[in-house]
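Here the structure comes first, spelled out in structure tokens, and everything after it is commentary.
Chain IDs A, B, C and D follow the sequence of writing; residue 1 opens each chain.
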Amino acid sequence: MLLARVLEEKLASLYRAGKINGGVFLGKGQEALSASLGMSLRKGDIFAPLIRDQAGRLAFGEDILEAVRTYMGSALGPMRGREGNVHRGRPKDGYYAMISHLGAMISVVCGGLIARRFKGEKGVVGATCIGDGGTSTGAFHEALNLAAVEKLPLVLLIANNQFAYSTPNDREFACHDLVDRAIGYGVEGHKVDATDLDACLDVVGRAVARAREGHGPQMVVASLLRLSGHGEHDDASYIPEALKAAHLGQDCLKTAECTLLDRKWISPEELAELTGSIQQQVEEAIATVQREPAPDPATETWCALATPGLDDTFCA
Amino acid sequence: MITYLEAIREAQAKALTDDPRVYIYGQDVGRFGGAFKATKNLAHEFPGRVLDAPISEDAMVGSAIGAAIEGMRPIVEIQYADFSTPGFNQIVNHAASLYWRTRVPCPITVRLPSGGTAGSGPFHSQSMEGVYAQYPGLVILTPATVEDAYSMLLEAVAIDDPVLFCEHKYLYYHLKAEGLPTEALPVGKARIARPGRDVTVVTYSAMVHEALAAAEELSGEGYEVEVVDLRSIKPIDTDTVLASVARTGRLLAVGEAWPWGGVTAEVVARVASEGLALLDAPPRRLNAKNTPIPFHPNLWGTHRPTAPTVARALRDLLRL
Amino acid sequence: MLLARVLEEKLASLYRAGKINGGVFLGKGQEALSASLGMSLRKGDIFAPLIRDQAGRLAFGEDILEAVRTYMGSALGPMRGREGNVHRGRPKDGYYAMISHLGAMISVVCGGLIARRFKGEKGVVGATCIGDGGTSTGAFHEALNLAAVEKLPLVLLIANNQFAYSTPNDREFACHDLVDRAIGYGVEGHKVDATDLDACLDVVGRAVARAREGHGPQMVVASLLRLSGHGEHDDASYIPEALKAAHLGQDCLKTAECTLLDRKWISPEELAELTGSIQQQVEEAIATVQREPAPDPATETWCALATPGLDDTFCA
Amino acid sequence: MITYLEAIREAQAKALTDDPRVYIYGQDVGRFGGAFKATKNLAHEFPGRVLDAPISEDAMVGSAIGAAIEGMRPIVEIQYADFSTPGFNQIVNHAASLYWRTRVPCPITVRLPSGGTAGSGPFHSQSMEGVYAQYPGLVILTPATVEDAYSMLLEAVAIDDPVLFCEHKYLYYHLKAEGLPTEALPVGKARIARPGRDVTVVTYSAMVHEALAAAEELSGEGYEVEVVDLRSIKPIDTDTVLASVARTGRLLAVGEAWPWGGVTAEVVARVASEGLALLDAPPRRLNAKNTPIPFHPNLWGTHRPTAPTVARALRDLLRL
């Protein structure tokens, strides 16, 4: 999660320097939650991260080069400049690439799990994330219901960061707590305070284990606050100061660091050294990518089909 | 004798037999065999591979995409093409873009029972192929014969891209053939359904039969009408269309869908831009009327093109 | 509800005689529920009935002529032969006309209620119905959530007749009881045994009253069985005999009649007379409509716009 | 100076002022003023009439239809046109059919921030006007100027039918005018954006400006290019298009959307069938490429038509 934070802060500063095409969307404040999910998953599982899951992506095995390449549009990146920022993945490795439409990835993960079941694979988990706002989509409902009917080993992590872009929870839903939705789908529901890494590791880890053991879909509702704008173009001035100052406004990373230091699992010097080496790693990745070629329209295939012979040549 | 609908069932049975990666997902497709019985007995013959879905078109298509990522070849039955709209997003934005974005193919087949029948009304009669065709990344098949219903559905399942299989409900029971075909034109090739030298009708799906009936009528008046069955509307076999217009010098494009855009606009625009010199008269289009599809058979019969209106349009065109 | 039953049985026999274009969809077994809703609403309320709501339509004030005209495609009907069977209404009178896409009417009723609120109208209720199957649509979820956020006086009646076409509940959802969904939306939930007219009148009436009094959306989940096929083309052989024989398989109409007779609120003679006069009423309506003109394509406007001047003349 | 985006805000402010039946509904449109600030300050100026919606496009449009039935005139902002797909069903099947089915008009305006900008990628760049145009019952506006953005949005709200207002995101900040217009062409009339006599470019929205730049370039080479701005793509002002082709004898239809079907096919098909004799050369089309819209500016700049590619297509056409 430290790596995610450092990487994202660097991306944000590149954005401010005008070196990134399109937007930059940070998971600042959501690292403990996201990393817990990535760490609870195994190779062979399915993971479809969303906007604020840099930490989870890294924990699931993403190389930071992939992130930097996608943001900077390198031709060598997994998306070859065709897609940007958070819209990346390597589906063949179980790491699905989100489309922008909120809610859309949940049913896709369900389908991946159905396929695994057809193949007779056991003990596989499929996980994906959504925000408080994304729970209002029809896609969310249809997919979670489908998962429940099929009793799929799905872990659905709902990061309730209190806002959907600028829209507060009270304009997004009217239930007391989003976890109250679990019973209506017939799935197991969990709550977690996502400013607390220990709690995240525990609750998310338990949800993943329950799914793996065959207890069907697991819904985890996490409370937290986004410690950045919706994207880096947004100053998030709509988030009340009082909320930022309250418990939810705590930085999970700082809290985790303090805990480590308190428990003397790490010394201040070691932490500084770790941070330094991570910073260097990120700098190097960015320097590498900056030397990489941009995609070349002349060598693009400009064909959307896997079967080029079926492309409509008149449209070419 | 085998009907168009039975051919669709047989193709699915064969796909399930030949390829363990195939499964069928859709509302009431299981024990019930589907609203039109296109999956009759398949749940029984292929236990666990023909699954009833909740009324969740978005999730149905979404889950098929996920399964395709993992190497399966799902067939999704949408109960009526009209009800694909709640699944529209997953089709046009997700399935259609997956390969281009990620290099992972998306071999799903979405079966869309399409087109009008008497008394079906605005929401059980639509022809959406032209709407979907605007999106890159989709293959769109519109079989007009029992043979094509069978062979093209098998091809659809084999194709590594998302295929929308627009089967026509009017043809389900009306159309019969002696038996299943053993060979077929490949997807992407149009078919000369009737050769002629005076005028070309380019059409597809149920309208092929209206055009053939009109051609028959006009042959009594001394005109030889060539009917081109496009078979797939994305890709369109422009070469075959142009070659036909080169022979006849006249073009009428006929479609059951609405008049703005769609297949007839695309066909006429292609011929105008690639074959202007071939035309001895202005190319013409005949489509459904620009309103929702009416329920009452009186209105419905006027709303869509039929043999008499195709014949009339042909006579007008031949006089030019 | 007796009228609805008699009318629908007559429509079914016309269908069998090949005198109806398109399908016929009955509310047989659902009359107590539907009628209770229609009776609990007032003029000025909004009602968007669904497939099996003939009884509710009549109770809300529909003339049986409107039903017969729509089924038979009379040019004099409210839908002028453009629409058929259950796709009818008079939106200007608060009686909305459903489209086929399940779930779509709920948000439309919400919008109607938002409009009434803008106009300062108080004490208005908007009601609509959906089946067990329709609850799986994204449209259902988005609309009910929107109603809850806006605290609209919506009554959503879920008729759980155990099947969606042929699909049983266990392939449609996995929660214990659909009423468990209420808490997840933050709306009030009610359950009712819809084979029992008294219970329906009580529970539905209470829900409508709660909505009217400002307690926000009300979800009523009714248990019952469809005593017919999905449409008259369907023999419903997928419904197990045991279920038909069980409590849910009771005919609400028969039960209601027995109650009336038991309580001596009506005598067998009066009931027979009532039934007879209703039958006559239905016969007369059908005879009337059979003499009415079919729509004439030559006089149709073939224009979908309210502003004919904006119609694309090339498409005409 | 006022931008295209500000004109949209001003039109909404005026609609809210003039007509108590108007309200605005959309994600983040309230206090935040919308993702693009098209509703900046409106929530403050018109308390209770600019409402934040949950992320529920289907319900957003559905609720607008219900409000319209009851006599309101809602404006729905979809955050990006690409996100109208979850609301597709309510737009094409419900709003579009309501008047025809029930005689109750459906005066809703759905604002669709459309078209590409550098770095926006496949799901924040789409031009869906041609997809919607296939459906009867919709009016589809595609303003290319600050003046039209203002006057046509006001007209949209006044029209008794569902209007899709396709405002172009690239023009939001790029386009500026001296002030708001006091008069305007009515919806349904195309505009000669630049008169010429050698060739006609028919286009709309952002592509009008690429066409104008190409025309400028070609005027240096001695050619006078006429640019027709369609303004609305449903209805299409076919008369103005034909009159222009009658003057020039040559037609290039340019659109930012995908190449299959859509506006350019419809325009070419109409001219071919109604004005074949006017054409001195085959009509041509220039569209975006047949893939999803790429993220990287290098690719995006090649994917969509631009002034240089329009100019090249015009030179080819003039040589024929």
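For the reader, a short list of remarks on this structure follows.
Criterion: a contact is a pair of C-beta atoms (placed from the backbone, for glycine too) under 8 Å apart; a residue touches a chain by one contact, two chains touch by 3 or more.
Worth saying up front: this structure is predicted, and the values here are computed from it rather than measured.
With respect to chain D, maximal separation of chain centres occurs for C (centres as means of Cα atoms). The centroid of the Cα atoms in chain C and the matching centroid in chain D are 40 Å apart. Chain B and chain D have CA centres that are 30 Å apart.
Taking each chain's centre as the average of its CA atoms, chain B and chain C sit 34 Å apart.
Across the assembly, chain D contributes residues 53-54, 56, 58, 82, 85-86, 89, 93, 96-97, 100-101, 122-123, 136-137, 234, 258, 260, 274, 289-292 that each touch 2 or more other chains. Counting only residues that touch two or more partner chains, chain A has 79, 82-83, 87, 99, 101, 136-139, 142, 145, 149, 171-173, 303-304, 311-312, 314-315. In terms of which chains touch, the assembly is arranged so that all chains touch all other chains.
Of all the residues in chain D, the ones that touch chain C in their complex are 23, 53-54, 56-72, 74, 86, 89-90, 93-94, 96-102, 104-107, 136-137, 139, 159-161, 187-188, 234-236, 238, 270, 274.
Taken together, the chain C residues at the contact with chain D in this complex read 78-79, 82-83, 87, 89-92, 96-97, 99, 101, 104, 106-116, 118-119, 138-139, 142-143, 145-146, 149, 303-307, 309-315. Against chain B, in their complex, chain D makes its touches with residues 58, 82, 85-86, 88-89, 92-93, 96-97, 100-101, 122-123, 130-131, 133-137, 234, 257-258, 260-266, 268-269, 271-274, 276-277, 279, 281-285, 289-292.
Against chain D, the residues of chain A that register as touching in their complex are 20-23, 73, 79, 81-85, 87, 99-103, 133-134, 136-139, 164-167, 171-173, 238, 294-297, 300, 302-304, 311-312, 314-316. Against chain A, in their complex, chain C makes its touches with residues 136-142, 145-146, 148-149, 151, 170-176, 178, 180-187, 216.
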